[in-house]
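Each of the next two complexes has chain A plus one other chain: chain B in the first, chain C in the second.
Showing the complex of A and B:
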């Protein structure tokens, strides 16, 4: 009994779930649910379907290369059972998975960094430019501190320029 | 060696079919088209071919019949006599003879007519000759049709005869009816002969095969024979007699000692003595059947004497004087209880074999062969005893093997631990592991959505430590990076609140603008950015123009109008002209007429000199009248004759609904 991967979306298939198709050249296609099976029957390429793992990997959405991936690999040769090794392995698995999750999080946050930065810039600009659209009393009440800060900054700049002029 | 197989004789068609076959074949296989205009030689050839072809066919067909039916003189006398008994030799020979004559007659007819055809002088003559030739041939065949029918019957019967080989090892069973011949046959061979409790169940010869000493014996079951003069015997009995007379076989004479067949032992003995001439030179065994009803010992003295007489007769058939083998002459058995059946068979076969070997030994051929044989026998060197020698090592090994304890099998474990259904064997106990304690370990195959087997690795511990180290380094690095990038902070809550309000406001403005745009019906409007304070009014424009010394009324009117149309009317042109030349409003019609270009249109009622109208009023009237006259009458668009009509192509009432009576078109 082992967990298989869906051919289409690469999700884990637990025993007793999904469906599998054996082509006449003996290649086995496993599907986690009817959605994936139907998509396969429609001859869709999983690399071009946005919600699949294959797409995400291909387009840099997910982490593809990492040392944590090298721990888990399918062996086609049966290993003789050894209690010590198995114990160590069972202990190591949670550590490995945790490390991988951390890295994945990091990967995603790194990926989203430029967009976040841009957004912040835009927000700041909008806040600065369109502050006058709101009635003045509202701003004075709530954001007086903020506004005064801005005003202070402006004043400083003006002073500096004046100094230069004088020089 | 002649094979006696009468199953392969081709079917003999009855006379009518025979003719049909030949004629249709002639029609099919020879050319069919001939014309008067052909050269006479060609016509003659055409018909000669037909005649010759049908004659050849007749000849072939009849020849096959003659060749395939066996000639009674040539085949083995057993078959010759059998066929004579069954079909009457004279009749058979006569039929074949008739066919032979017919064949010759047909050949002669064709020869004659071919000669005549050579001199045929027209198509008609040739045709008549051909018809006559074929007709005569057919008549000949028609005349022999009874013979053909008879031969066909014989053929069918012969196909069903048992294939008896007269020269092979044969065991022949004979005796009175209902003495148990067929049941013995069923016991000994695989043949399935019908056994019934009445006389003459078996009406013809039956053949089965049995094995003795790796040799194959053919066993022939004959119909029962009654004790009566030879001439009175019927066909069924004659079959048996024929087989007895001509086959060199071991004969089993069946004797029903219980008398339940309806014939006493005396009667059976009488039969034996009347046909004993047929047993000459054949191994004869007297078989006392039905001992389950009446054992041989319990017979009365008279009967016993009769049996002994028969035995004495049978003893005479033993050829070897020096070896009187008494056991194989008189035997008892019961086919019901299977008692002694095999003994009878073995005795018969054994005696037959002996006899055949004897005959062969006496034959000339054997003498030629015998001097080539030599059987080598080692001569004893001395008087020393030389027993078989088995090495002591081998003996020891054998003893060890016997003494060795048997390996305990899974079956034994089962017996010990509660038997089948209770004991279940552990498949793990034969595992080959480093430590035997590990055999019964239970371990997970799946952990947190991963296959444990995929992670198994002897040096996983080191790798895992390395990973942790790596992870620690990475975390430090990241902490440093975060510290570096700390100034790129996010907006505060207040700022976020303000920003959302600003965006809400913006969205509202955009929505409003869109509403306005929609109600303006996509007319051009002065963008408000150019006229924020609504200062650019027509009044101001008028003021400005008049201050510049221009009459503003036309410009004002235009700005108020909905825009310019694309028409090109006189009035517009005039107005334009007026605009250009501000002062001096001249309206000289004649002058304008002359100067006007041809393309310029004019009002229809305008009078043109030369048209013949007095004034425009008159012309207007005339135009109106002309219009009335040519007006389209059908102003209300009613349907008229001239309208195009598409009729209902398939009127529904004629093409749907039930049809109880008549056709759809008639209803």
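Showing the complex of A and C:
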């Protein structure tokens, strides 16, 4: 039994669900529900429809790279049945699913956090715009402090060249 | 193409949506056209270079064909006019963009890895 993915929204299609369209060049399109089928018939591009997985992945809404993505894949080759392997696989499935869900949750919460970079940018802008609001004494002090800084020569240890020699 | 009705005098019945829809199914799909274009580009050919078989049933004996829009025209001049049209230009822009969505894209988006075909059985 193969659980196929919907052409439009990438959800899993379980047996007895959805509809399949075979085009006259023998290409198969599977749809999980009539919603996806109708959207296909309207010639909509899944990359431009916001509720599809293709859109979410393309726009950084979902995880794109994760080690858990390596497990589920189409395997187009015969595999000798091994009872132990099957047992282990069945045990591993819920653990991996759990790990993936947790990572996805983290990804989404990270995404929704205001970026630290953005915060810094905003602060810098504010400083630039409203520097006049500070008392003049402070600014002049800062400027003078900067001026008094003296350049000091520092010896640079050349480690890199030695490393290269070793290689 | 088109949705013209025989009884054009009646104002209400000037366009038939049924016949207008019929042409839609005869057109080649986006990904098929894209594949054809990529194939031609791989051979280092232009979109124009494809040899066209003579077909009596098609307009202009099937000699004036627009690959991007999958349409046949009656003559060279009509084809050139089509090339200047907005519709064609839009289509060319779409076709020169990223590859259309495929089942593989859908699988990857669902969190599957690349298909595993195992070892190659024969070395080429």
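Convention: the second predicted complex is superposed on the first by the 114 of 167 C-alpha atoms of A that agree within 3 Å, B and C clash if a C-alpha of one lies under 4 Å from a C-alpha of the other, contacts with A are read in each partner's own complex, and residues count from 1 in each chain.
Throughout what follows, contacts are C-beta pairs under 8 Å (C-beta built on N, C-alpha and C of every residue); 3 or more make two chains touch, one makes a residue touch a chain.
Owing to the predicted nature of the structure, the values given are computational and were not obtained by experimental measurement.
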Tell me which partner A:61 touches in the superposition: chain B (first), chain C (second), both or neither.
neither
Based on the superposed arrangement, let me know which partner A:33 touches: chain B (first), chain C (second), both, or neither?
neither
Which partner does A:130 contact after superposing on A: first (chain B), second (chain C), both, neither?
first
Determine, under the contact definition given at the top, whether A:107 touches first (chain B), second (chain C), both, or neither.
neither
Figure out whether A:17 sits in contact with chain B (first) or chain C (second), or with both, or with neither.
neither
Is A:81 in contact with chain B, with chain C, with both, or with neither (first, second, both, neither)?
first
Look at the residues of chain A and decide whether chain B or chain C touches more of them.
B
Thinking of the overlay built on chain A, is A:71 touched by chain B (first), by chain C (second), by both, or by neither?
both
Output check: A:90 vs chain B and chain C. Expected answer is one of first, second, both, neither. What do you get?
first
Where does A:6 make contact in the superposed view: on chain B (first), on chain C (second), on both, or on neither?
second
Chain B and chain C footprints on chain A, overlapping residues
12, 68, 71-75
Across the complex, what residues on chain B touch chain A?
431-435, 438, 441, 443-458, 460-461, 463-464, 467-468, 470-471, 474, 478, 488, 490-492, 494-495, 497-499, 501-503, 505-506
With touch defined as at the start, can you tell me which chain A residues reach chain B in the complex?
1-3, 12, 14, 67-68, 71-75, 79-83, 85-86, 88-90, 92-97, 99, 102-103, 106, 117, 120, 123-124, 126-127, 130-131, 133-134, 138-139, 142-143, 146
In the complex, chain C touches chain A at residues 29-30, 32, 100-101, 103, 105-118
Contact set on chain A toward chain C in their complex
5-12, 23, 25, 28-30, 43, 45-47, 52-54, 56-57, 66, 68-77, 100
